[in-house]
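Submitted below is the structure of interest, expressed as structure tokens.
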Amino acid sequence: MSWNTFGRVLRFTTWGESHGPALGAVVDGCPPGLTLAEHDIQPFLDARRPGQSKFTTQRQEPDAVRILSGVFEGQTTGTPISLMIENTDQRSKDYSEIAQSYRPGHADYAYDAKYGLRDYRGGGRSSARETAARVAAGAVARLVVPEVTITAYVCEIGGDAIDPANFDADEIARNPFWCPDAGAAVRWERLVDEARKAGSSLGAVVECVAEGVPAGWGAPIYAKLDADLAAAMMGINAVKGVEIGDGFGAARLTGEQNADPMHPAAGGPKFDANHAGGIAGGISTGQPVVCRVAFKPTSSILTPVDSITSDGEAVQVRTKGRHDPCVGIRGTPVVAAMMALVLADHKLLNRAQCG
Amino acid sequence: MSWNTFGRVLRFTTWGESHGPALGAVVDGCPPGLTLAEHDIQPFLDARRPGQSKFTTQRQEPDAVRILSGVFEGQTTGTPISLMIENTDQRSKDYSEIAQSYRPGHADYAYDAKYGLRDYRGGGRSSARETAARVAAGAVARLVVPEVTITAYVCEIGGDAIDPANFDADEIARNPFWCPDAGAAVRWERLVDEARKAGSSLGAVVECVAEGVPAGWGAPIYAKLDADLAAAMMGINAVKGVEIGDGFGAARLTGEQNADPMHPAAGGPKFDANHAGGIAGGISTGQPVVCRVAFKPTSSILTPVDSITSDGEAVQVRTKGRHDPCVGIRGTPVVAAMMALVLADHKLLNRAQCG
Amino acid sequence: MSWNTFGRVLRFTTWGESHGPALGAVVDGCPPGLTLAEHDIQPFLDARRPGQSKFTTQRQEPDAVRILSGVFEGQTTGTPISLMIENTDQRSKDYSEIAQSYRPGHADYAYDAKYGLRDYRGGGRSSARETAARVAAGAVARLVVPEVTITAYVCEIGGDAIDPANFDADEIARNPFWCPDAGAAVRWERLVDEARKAGSSLGAVVECVAEGVPAGWGAPIYAKLDADLAAAMMGINAVKGVEIGDGFGAARLTGEQNADPMHPAAGGPKFDANHAGGIAGGISTGQPVVCRVAFKPTSSILTPVDSITSDGEAVQVRTKGRHDPCVGIRGTPVVAAMMALVLADHKLLNRAQCG
Amino acid sequence: MSWNTFGRVLRFTTWGESHGPALGAVVDGCPPGLTLAEHDIQPFLDARRPGQSKFTTQRQEPDAVRILSGVFEGQTTGTPISLMIENTDQRSKDYSEIAQSYRPGHADYAYDAKYGLRDYRGGGRSSARETAARVAAGAVARLVVPEVTITAYVCEIGGDAIDPANFDADEIARNPFWCPDAGAAVRWERLVDEARKAGSSLGAVVECVAEGVPAGWGAPIYAKLDADLAAAMMGINAVKGVEIGDGFGAARLTGEQNADPMHPAAGGPKFDANHAGGIAGGISTGQPVVCRVAFKPTSSILTPVDSITSDGEAVQVRTKGRHDPCVGIRGTPVVAAMMALVLADHKLLNRAQCG
């Protein structure tokens, strides 16, 4: 069945289709007394917003968020916070042609197989547009964990990775790729532009680091911090892989190489390395929480791909709508939002049991 | 807080510590009328059981499961199925020495940071022994999805991968590595044996394929089939990465390369490829569901590693207990069990909403 | 913490305050393919709407519902249905005086004790206005259980009960009290009018009967149909008691008197009586499901009552806002909505496990 | 579907049938560091235990609880606490005769209608024996809320109520009826004995008071403290009604009569009355939480009642097994346990959100 709620204590429910009148999120369980206004949320939506550069879809929407409940005189009241974003640029006519054809790589066929019908306009509920609601919810979550600093950036596009030696956090917001390596950003500009012109698309890898997470968040077994992060990230549109710390790289190390030695220090141990990505046994260790996420190339491409119609006839599908040549780029603020949501939830979860 | 329940409709709760009197699982929501006896569960536990070869820990336990409820005259009744496995080989003395020292890479420090105390014997609740309960629950889940065939195997140990050209499903159960490539199994025997003798450890990658999953299982957004699989797999001890289909490899493909063209066929479309791993938009497509899981090398090694005591003093820790040189091997039946549990849950979830 | 979601499979989340810009509900898990438009919901909201007669609050609002998601071309799609009702008549000035004083019998003091702050305008989140969102959600739930006919009516006001011998289902919608006994409706008119003029208030008992519920809905132990109904009803504002079947009356019967003998009949047993209210062991028996709900008298009265301010000073509070002299009247459609929501949820729950 | 878990943060799952090998509960989310041993639980089980007097079933079982996990060196560790009680006195032969006949008033018919099969021995999962697991879990919950004192007592049997003027808390444990009125206990002795000898049965009303609950536990809307209590109590076998505070009596009061005036006082307001039963808007007010529960008369009686067989034939059923003439008596410790479980859950819930 549908399941549009995420979280255990700080829980949010999203709703809305790409071409419906609006979309939104209801954030429940937020502590009272936090200062919150639209302008605390809007910058995160602006970062995710389409139409910012030629490297993202040209759909133009202000994505202006409204807070409809849960805030009184500028403060959260502890009651559900309803966030709404109206859809203003819905060119439904772009999609009429594919109403009857399944776009390969999209959810079209699976939705019809499951529900027997679907809102085909712009992907309906399966559109990446739904992630705007998560970004809005994530902005609220950040207020719950002010002790944490979350940084997300693209570390690879089309197989071309950044050079860690060139990492410059200040660079991330300076280029349209959320790229911390100025040199890579220049290369990606050409790479993504070529893909865009060719009607092709590229995959990407996004890394997210949360600093300031104290030791003790998370839980053994089925609410492990890493398991919840994995669910949060794999649930983002177009994501096909998630790693914590060294991830698949750890599978190629020996136990000695993978060790994170600890030394006594004030305020918690000092670690020599962070292969574990800040999580052991599902619980944070006090080191930075590190997560890496693989985005597949956008499935919407100009090259015709064999497919079928909803009547089971053969057809070729090429997507002429406005699309991102590399969805991983706009996925970056979504990754950060999901990190914030998972951490905020676990902060409250930990407080519930461990005071 | 603790959260020891997994699933939404078919839900299971596990309990138990490595060196307590017993461990178990309560499986709730199982359909009535399924034929179930201990002998339906025991073979899966035997497959996971330690002490089977020199490549796994030498702890010797029968791991005999008892069904304490939910079955009457050989059939499930629809009420909770309580499964219990008694712990019989608990050499607690092996662990006395590390009661006060945190084993690097283990959950020891994080548990103390969270709870202020821990059952240090054999890792307590964070021991991989807890996965026996999941394997038992998974055996029940398999009965819920008889239409599905689940195969899990190790495809890489210590960076040495199988050759897909040599894949032989029948080979998997013939060697102690769940390896489908007879040649790789020979190489791994030497590799793992060397690691074992050196007191070192190796990582591994496990692949799991579920055939027979119909199109339509899963759900948009927060109960996506892939998101639930990611949580299930990342929650297994020592797992650091999860991929669906091509996973991180998809991030290096173009949209054209990553396409899974469809053609009309009886009983659902015929696909030319399965880059997507059988899931689109969080919903199964009818193709095999493919998942890949990275296990880090066992953190318990003989080489001393710098660490701290619970009093914050410097110490060196080397683990002399009985341990697996490569936990990924014994993790393989656990991966299969979690696949069964997620699929069974989603089969019932889909039935709830879509009849 | 806040918990604004109800249900297990068909789940709904409400949001909104009495004097915020809007309130709403997100209904998740609804089966696809149901015909749904605003005009399927509006009549139920109109029935609950204030200002209908002098016996309810004079607040005037159209309570027009908008469907913002989850419906495409007139049919539910299986994705979350977002329902929004804008608040149009918010005379916040009426409440300025009680911003600092706790109204006895209201949630004011408890909210401040819990959250440290509150939206005092019209009761904020604790206002009965929130029930409009439930009524809207309930209208969707009714579509999920078309086999069920739900009737709710007031059976007692201020201690004056209907005479079962006069029960006339057609009468219910003919008077402003949802009263099935025309004679009682005449008496209540005077009773409630007197209370209204005196600035006093009266309690009421509402009965709700669901016919057409097949045997087998519900679940043993913690999702018992009666337990879920009890939670649903006790969660309605001003409700202080819930009975199933004979309820407290059953506690005064002997086992012989309380028996519901069964006889063979086509399509399920024929029962001689329904003391059990259609539920045995938490599962429906095929008889009508009968529930009775006690509403306390409105706490807002003109008579001054001793209270304290948020600074802990003594004060006397009398409520001059627009209020219902008998909230149980307008609670009647809410009771029916909650019955629909619980039954729809259990229909889907039963289908999940028992096919 | 089955749903055998209760609670949101402090959650417990019960399992087991009346005549299976054992039954138990898994308590999850319990804070770490609480002192817990079997002897903290056993007295509560002994209070509920059958065979204590001729006024309860003569089934003789020690009901000895074992803690299988979650406790280390006498302290809770924060991991799931598995509690098991072995069934030792299972005279299955007593029930062979009713294997094919549905006992009126019992869950037999409803279970078969739902699941298509049932464990008929002693009622299987629907037996009141399951409540032993709740009582065990409740004993753990009490440790989570040491600031709260919970008192449960029978206030009415067969329509014969106690006189509040005679209330003596010390009397409760002195008679076999948990009766706080010594005179009523004498009358009930005759009443219940007559019913027992006649093979008849009587209903009862149980009241439960929790003192020491601070203001602020509970939550608006769907986790209201009173709604959760209603679910908890209505889910107890044989319960047909639940009241908070004045309950149905409040429906017969005016707003003036039902007011609970507040006055300034140290440590929270002083209330003149407690019609509300300590809960306003779903949140505790700091007054005693008062709940009243109606138990129907035991359905198992010697008088033959018309019924049907599972094949749909007419039959008369009289129950010859060992049964309580008044299940409300042994339900009293169960009511207290559920009160403890709900309060403990809400204490932790409140801590999660409001710190």
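So that you can tell them apart, the chains are marked A, B, C and D in the order they are listed, and the count of residues begins at 1 in each.
Keep in mind that, in the parts below, a contact is a pair of C-beta atoms (placed from the backbone, for glycine too) under 8 Å apart; a residue touches a chain by one contact, two chains touch by 3 or more.
By chain, with names taken from UniProt: A, B, C, D = Chorismate synthase.
Keep in mind that this is a model prediction, so the values were computed, not measured.
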For subunit A and subunit C, chains touching each: B, D
Greatest separation from subunit B - chain, by CA centre: C
Whole-Å gap separating subunit A and subunit B, where each centre is the average of the chain's CA atoms: 26
Intercentroid distance (Cα basis), subunit D paired with subunit A, Å: 46
Multi-chain contact sites of subunit A, meaning residues that touch two or more partners: 1-5, 9, 14, 29-30, 32, 78-79, 114-116, 125, 220, 348-349, 352-354
Residues on subunit A engaged by subunit B in the complex (per definition of touch): 1-6, 8, 14, 102, 104-107, 109-111, 113-116, 125-126, 130, 156, 158-159, 195, 200-205, 214-224, 226-235, 237, 240-248, 250-264, 268-269, 272, 275-277, 279-286, 294-301, 303, 305-308, 312-314, 328, 349-350, 352-354
Residues of subunit A touching subunit C in the complex: 1-5, 9, 11, 13-17, 20-24, 26, 28-30, 32-33, 66, 68-70, 72, 75, 77-82, 84, 114-119, 124-125, 348
Touching residues on subunit A, where the partner in the complex is subunit D: 9, 29-32, 78-79, 220, 348-349, 351-355
